[in-house]
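Below you'll find the structure I mean.
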Amino acid sequence: MAFADSWIVVPVFAPLTAALLAFLVRRASFFISLAAACLSLLAVAVLVNRFLVNGPAAYAVGGWDPPLGICLRTDGPALIMLVLTAVAGVGISLYAKGYFTLRIERPSRVGRPERQERFFWPLWMLQLTGLNGLYLSGDIFNLYVTLEVIGVSAAALAALSGKSASLIAALRYLLVSLLGSMSYLLGVVFVYKTYGVLDLGLLQAAAAPAPGVIAAMALMSVGLLLKTAIFPMHFWLPPAHANALAPVSAILSGLVVKGSFFLLFRLWFDIFSPVLPAAAFNLMGSLGAGAIIWGGVQVLRQQRLKLLIAYSTVSQLGYLVIAFPLAFAGGSSQAWSAVLFMASGHACAKIAMFMSAGTIMLHAGHDRIRDLAGIRAYLPVTAFAYAAAGVNLIGLPPSGGFIAKWMLLITALAGHQWLWAVVLLAGSFLATAYVFRVVAQLFVIPPDKPVITRRRAGLLEWPALIMALLSLLLGLMAPYPLRLLEAGQIVRTAMTMGGGP
Amino acid sequence: MTIPEIIGLACIAAGIPFFLSGTIGMLRFPDIFTRLHALTKADNVGLGFLIIGLCLQTDDWFIVIKLVLIWVLVLTASSASCHLVARRALQKGIRPWTRE
Amino acid sequence: MSWENVLIVAILMSSFLPGVIIFMLPERSTALRTGLNLFGAGLKMALVIVMDLAIYYGRIFQMRLELMEGVELFLNADPLSAMFATLSSALWLLTTIYAVGYLEGSPNRSHFFGYFSLCVTVTIGIAMAGNLVTFLLFYEMLTLTTYPLIIHRGTVESLRAGRNYLVYTFGGGGIFLFAVIWLHTLAGPADFSAAGLARQLVESEAPVLRCIFLLMIAGVGVKAALVPLHGWLPQAMIAPAPVSALLHAVAVVKAGAFGVTRIVLDVFGVNNIIELGLMPWLIAIAAATIIWGSLRALQQDGLKQRLAFSTVSQISYIALGVSLADHRLALIGGLVHLIHQGLMKITLFFCAGNLAETLGIHRISEMAGVGRRLPLTMAAFTVGAMGMIGIPPTVGFISKWYLCLGGLEAGNQWVIMVLIVSSLLNGAYFLPVIITAWFGKQQGPWPQERKFGRLETHWMLLIPPLVTALTVIAAGVIANAQFSPLTWVKFVVQDYSH
Amino acid sequence: MTTILYSVTGLLLFVFGLFALIVCPHPLRKILGGNVMSAGIFLFLVAASYRADTGEIDAVPQAMVLTGIVVSVCITAVALVLSTRLQQAADQGARRRRKRRREEDAGE
Amino acid sequence: MKMLLTGFDLLLALTLLWLAWQLLRSTDIFKAIIFFICFGLLMSLAWVRMHAPDVALAEAAIGTGLTGPLFLAALRRIERKAGKNMMSEPAGNGEETGSRWKARNREMSPLLWTVTALTCCLAGLLIWTVLIIPRPLPGLADQVAGSLAESGVNNPVTAVLLNFRGYDTLLEVMVLLLGAITVWSITHAPFPPRVPDTSPVQKAAVRLLLPLICLIGGYLVWQGAYQTGGAFQGGAVLSAALVLLLISDFLWLPGMRSLPLRLGLTLGPLVFVLLAGFGILVEKTLLRLPVEYAGPLLLFLEAACGLSIGLTLAAFFAGGRPASDLRETPYSGEAKGKGPAES
């Protein structure tokens, strides 16, 4: 194993060590975390071009080959999610620094912002470790442990704000994620009982229809759906995301939800796709449709900005799940790119939206949508970031969301699945309604409102704008990530067994 | 079945009635103090017999030392906790049962 | 990257970059902002004229950007797109001058002019779109850039008008997207070409194609203000005058009409549509819109509302011309009306803006005797109105003349009846305005009179309408000259005559 | 025989814990249910790999169970501290509200 | 003999299920916790029956030895604040979540019926699936036995835990540290303001037992390499010693400085990460230990992990961060010495 092979380990170990050091050395915690985020971004870049050169790689940790040891794998989809997490990681870290410095200058309760910042950095770094670990890992039980790391740190981050509403939401979130991991673990036990093997590659090779597998897949899917808050099991998401601190809700909505969804998608399409009946895919599709419609309607009823964005997450997650029946009917490579494109586009847009919502909260002191008129006067960059992110959510042309919706609609119409196509369209109409409802308030400056001179909020506004423009940029240079996926697609079929050293 | 093993089995058998009496005492006695009394006394003696029986059955000295250590620890732990429970009961104002 | 590619990108960038820079400018730097605007407009005008000459002599201008494996962003300057591009860049130059004068002293101007230039970039993009996907991309971006302009005033009515505008345009956009993707799955990625769809596809999938065509017309019809979908146009009159001038003469409505032309001529191909039996549908819709627009215009007392409804009916002349595309003369009439209607309508809106800005007049009943107070503006208004009615020396007469010839050639009495009735209706709702303006007696003082020294109004508000009024007459008189709109349209129609 | 017996017991424990987690309102009892659930799953896991005939033990499930026990103790601890803090915050809220109401009465 | 064992299994299984059912039905939370502790002890008995001594020790030490006191401490803290009744309805800020915490009476509302029906059919389905699964495939036992020699330890469970699946254990130790950080981030350690007079017997017992418990903990950690034992079980026993300290209210405990505590907490993961780095430097693969030094290295790792696990579990019992944690904040001067006021 050449030394250069070890780059695959850096995305997990850099944030891990940063978490330890940030917990120990309190004053330098921001710089340690930023360094770790940039280092993992660099590592992911190295991994991407190594992937383009010689295809998916496998790395047996501790030198033991998969049936016994655990091996880390990089293939197309995993790399896209890693790039997304790394980029979002740097963005959120910068925003969080600006957010906390402003909060500490004007604390609402003495001593609380210091506590929040003190514990934000180690928890955020552990969250990154969990996410990168999940995308890289190739072992089912190891995925369970990473899910736990993500779940507990997400609940801890949600409880950081200290209000009693966020504590209730965090406790409910923790119990729901406990329930989800338990049912996932029971699924792992069923898989181990029927196949006797834990490694994903070996499972994919041995995937033969057996009664145990159906039970395992059902349990795992229910667990992961619970953690991804898909329609019927989404009750815990809005309070948790709305009452958390702004950088925390950006992390929860943008990255945490995507982690468990990615695992769900990998199980359904990469490992157990030959085993699953068509009815299961249509069931998932109906869940997604329910999420889009119900979430969209709920969003229109919200009066608070952060609750609105949280409910829009519930609705947008429906898009990710509705792609299951489409992929099953049409070619699955098209669905891979559509879903992951939608996921990364949505993640950037949602992070930008929550960041701008946080900035607005800090400046206006409240987030009631009705009295947000004329924010553009003194927060022009934030208002524009929110609008650009909204464009991506609706799926208007320049954005990544448009490309993803285009691919979904193409597979739907090619496969003559009218129902899903109509739901997709209805979803984008609902999205238009709730995005422009807020944009109209932000952009219109009532004649009598005085134009206040610009306030100094550098670190708060620019990360939001960068993330929003990223989601738009995804639309323009779509071929590059797609080629990454195609490369993964072709080479995976030729991947050797176990991929040992 | 060698001689020590037979004697060991006999000792274990001898320990069982003590455990039984401890449990019956715990169920039948009227108040907390008498129950504590029954439990700590009977179980410790029963445990002693049990430990002796087990020691006889093994030939590895290290295990014998560990068994005796277990017995000493259980003795200290149960007596200390019995005292603490009784003390807390008195603080909470539970008066011992008197036959009137 | 030959100089042709550079030219196309330069045309787009010449208004995009100033727009982005203007966003960054603080409010007080008006001189820099106006300079940037005018420089951008002038540069774009020059580049477009250079492109027209090159196209006239047969050069090809193309630019491709690969979006996905089956889909690419394709900019292609064929004669039809050059025509629309020239019209929009010329009128944008004039409207910028007018807007600078109109918005003097009002707040949030860098925000306004930023979106103003973005809007024209998108219109040029629509003009030069080479395939259906690019057209769709720019079509939906047009809504994004025009929405802030409509709600610029910030009043409650402008918010309601904006919401209404969004409902209509995003509804249409969604349907158009659905139809485009459906066609994409059937016919695969196809650029605009005169031949249109493959013959065997039309036979095999006739019912589906009919459905797709109707959906597409509905999607594009929202912006082209065809009858059932025109509700947003009158309400969007709340926006400031330069916005309604640009939107209703050049950008939004023309994009819709241009979309109808592209779909009929380049996507489906004229023969396929006739074979599918969809022509009568298109004619019926166009005729209904013409009549309905004129009737509604009669009832309006607000000057800008009346002009809006007259736009609704005038745009359908283009749709009428295109629906008779198998007869060369009718097609020429339809396409040339695309330019003529732009010139006439923008003159009328400039004059309406002048009346509102200098005298605070919004209703026709208040216009009695305004001719004496604003002689030059009312002269331009009269020339525009004459053009609308179709009186000989103006361009309006030429396009109606060719439309009638086309109708006769097609032997379709319906079309001729519609043209005659609509001309009469045009006269019915324009002439009273002119009469009250010139011969009516002024009752009481003007609502908010503003003095501008010796000229009747601010010079920047006066020059654009006069220039456009002169072009209305000039293009009418020297219609057969080397570079008049009519000859250019004949050059365009050569590709489609077979 | 023992494998089936313990597997069935494990699954029943899982279902009991699930029922408790969903139904009981008190957070402490929910966390108890969670622990019972995890105990059930681990019982089922080790029962799955128990070789009655050969008697040799398969170490991997046992390592998994060890990791599982440690993780579930960590989640239990976090959940307990969270519910304690929740109760404390609720009391502070109630006390503040009572004080404000007392000030209003004093104010009139 | 076989009949006796199956009889014992049946009895054990039934008692486990009965205890779990009591756990649900009992009205008083305290009784439920006591049932849970008995349930844990019987579970460790079941593990012994399944030839899994490591797991039995872990279940006894962590599963009941520590979780029981955690629940009892949490119950005391909740009841001390909310008066004697069950969790009083927190006068939440009007949100609908507040009312759901109220203890609903036990009558079987229709919702309850549906939930019970669903769980019963779920149980039926699962058991039916288990019954029809054919002969289970052989697990990874032979691979483990095959490469046990190079793993440096001869207890297969520790070999799997620390060497073959070392990455799992690293993440798991991180989860423990994450738990500790979360507990610290939520609130201050709620030491009771006035020190209750602990009885002399307790002080004497603690002073006597403490060194012995530490010795046994160390022995367990050391023994892990050969027979049952290891970092987790040893760490749990160590935490028992610390919990005894916390209970008997030694005056110097609330004033503990936070830096040594933090160092202790992060010791285990730090050593693990260093070992991983060492693996990359020497053997060019993460976490790969040179075969000849594997034994001592693993022992050193186990000792470090044992210590930090002990401290983490004690931090769980303490239920919050030490008072001095945020005191060294440089730039919020007025935050000095405010203690739990803000929490």
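Think of it as A, B, C, D and E in the order they're written, each chain with its own count starting at 1.
Convention: a residue touches a chain if its C-beta (ideal position, glycine included) is under 8 Å from a C-beta of that chain, and two chains touch if they have at least 3 such contacts.
Everything quoted here is computed from the prediction, not taken from an experiment.
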**Item:** Steps in the shortest chain-to-chain touch route ending at subunit E and beginning at subunit D
**Value:** 1
**Request:** Please give the intersection of the contact partners of subunit C with those of subunit E.
**Result:** A
**Prompt:** Quick one: which chains contact subunit A and subunit D both?
**Reply:** E
**Message:** Report the chain ID whose CA centroid sits closest to the centroid of the full protein CA set.
**Reply:** A
**Request:** Based on C-beta pairs in contact, work out which chain pair has the most and send it over.
**Result:** D-E
**Item:** subunit C-subunit D separation of Cα centroids, rounded to whole Å
**Value:** 67
**Request:** Mind checking the centre-to-centre distance between subunit B and subunit C? Centres are C-alpha means, answer in whole Å.
**Result:** 99
**Prompt:** Cα centroid separation between subunit B and subunit D, in whole Å?
**Reply:** 32
**Request:** Could you give the separation in Å between the centres of subunit A and subunit B, each centre being the mean of its C-alpha atoms?
**Result:** 58
**Message:** At least two partner chains per residue is the criterion; list those residues in subunit D.
**Reply:** 14, 17-18, 27, 31, 44, 48-49, 60-61, 67, 71, 74-75, 78, 82-83, 85-86, 89-90, 93
**Message:** Quick check: what residues of subunit A touch more than one other chain, meaning two or more?
**Reply:** 141, 145, 148, 152, 155-156, 159, 164, 168, 192-193
**Asked** What parts of subunit C, by residue number, touch at least two of the other chains?
**Response** none
**Prompt:** So which chains end up touching which?
**Reply:** A-C, A-D, A-E, B-E, D-E
**Prompt:** Can you list the subunit E residues touching subunit B in their complex?
**Reply:** 199, 201-202, 205, 208-209, 212
**Prompt:** Quick one: in the complex, what on subunit D touches subunit E?
**Reply:** 1-9, 11-20, 22-29, 31-33, 35-36, 39, 42-44, 46-51, 55-63, 65-67, 69-71, 73-78, 80-91, 93-94, 97
**Item:** Complex contacts: residues of subunit E adjacent to subunit D
**Value:** 5-6, 9-10, 13, 16-17, 20-21, 23-24, 29, 32-33, 36, 39-40, 43, 46-47, 49-52, 54-55, 58-59, 62-63, 66-67, 70-71, 73-75, 77-78, 81-82, 86-87, 90-93, 98, 100-104, 112, 115-116, 119-120, 122-123, 126-127, 130-131, 136, 139-141, 144-145, 156-157, 159-161, 165, 168-169, 172, 175-176, 178-179, 182-183, 186-187, 190, 230, 232, 309, 313, 316, 319-320, 343
**Item:** subunit E-touching residues of subunit A, taken from the complex the two chains share
**Value:** 1-3, 5-6, 9, 13, 16-17, 19-20, 23-24, 26-27, 59-64, 67-70, 104, 109-112, 114-115, 118-119, 122-123, 126, 129, 133, 139, 141-142, 145-146, 148-149, 152-153, 155-156, 159-160, 164-165, 168-169, 172, 190, 192-197, 210-212, 214-215, 239, 501
**Prompt:** Which of the residues in subunit E end up touching subunit A in this complex?
**Reply:** 90, 92-93, 95, 97-98, 125-126, 129-130, 132-133, 136-140, 143-144, 147, 163-168, 171-172, 174-175, 177-179, 181-182, 184-186, 262-263, 265-266, 269-270, 273, 276, 279-280, 283-289, 325-326, 328-332, 334-335, 338, 342
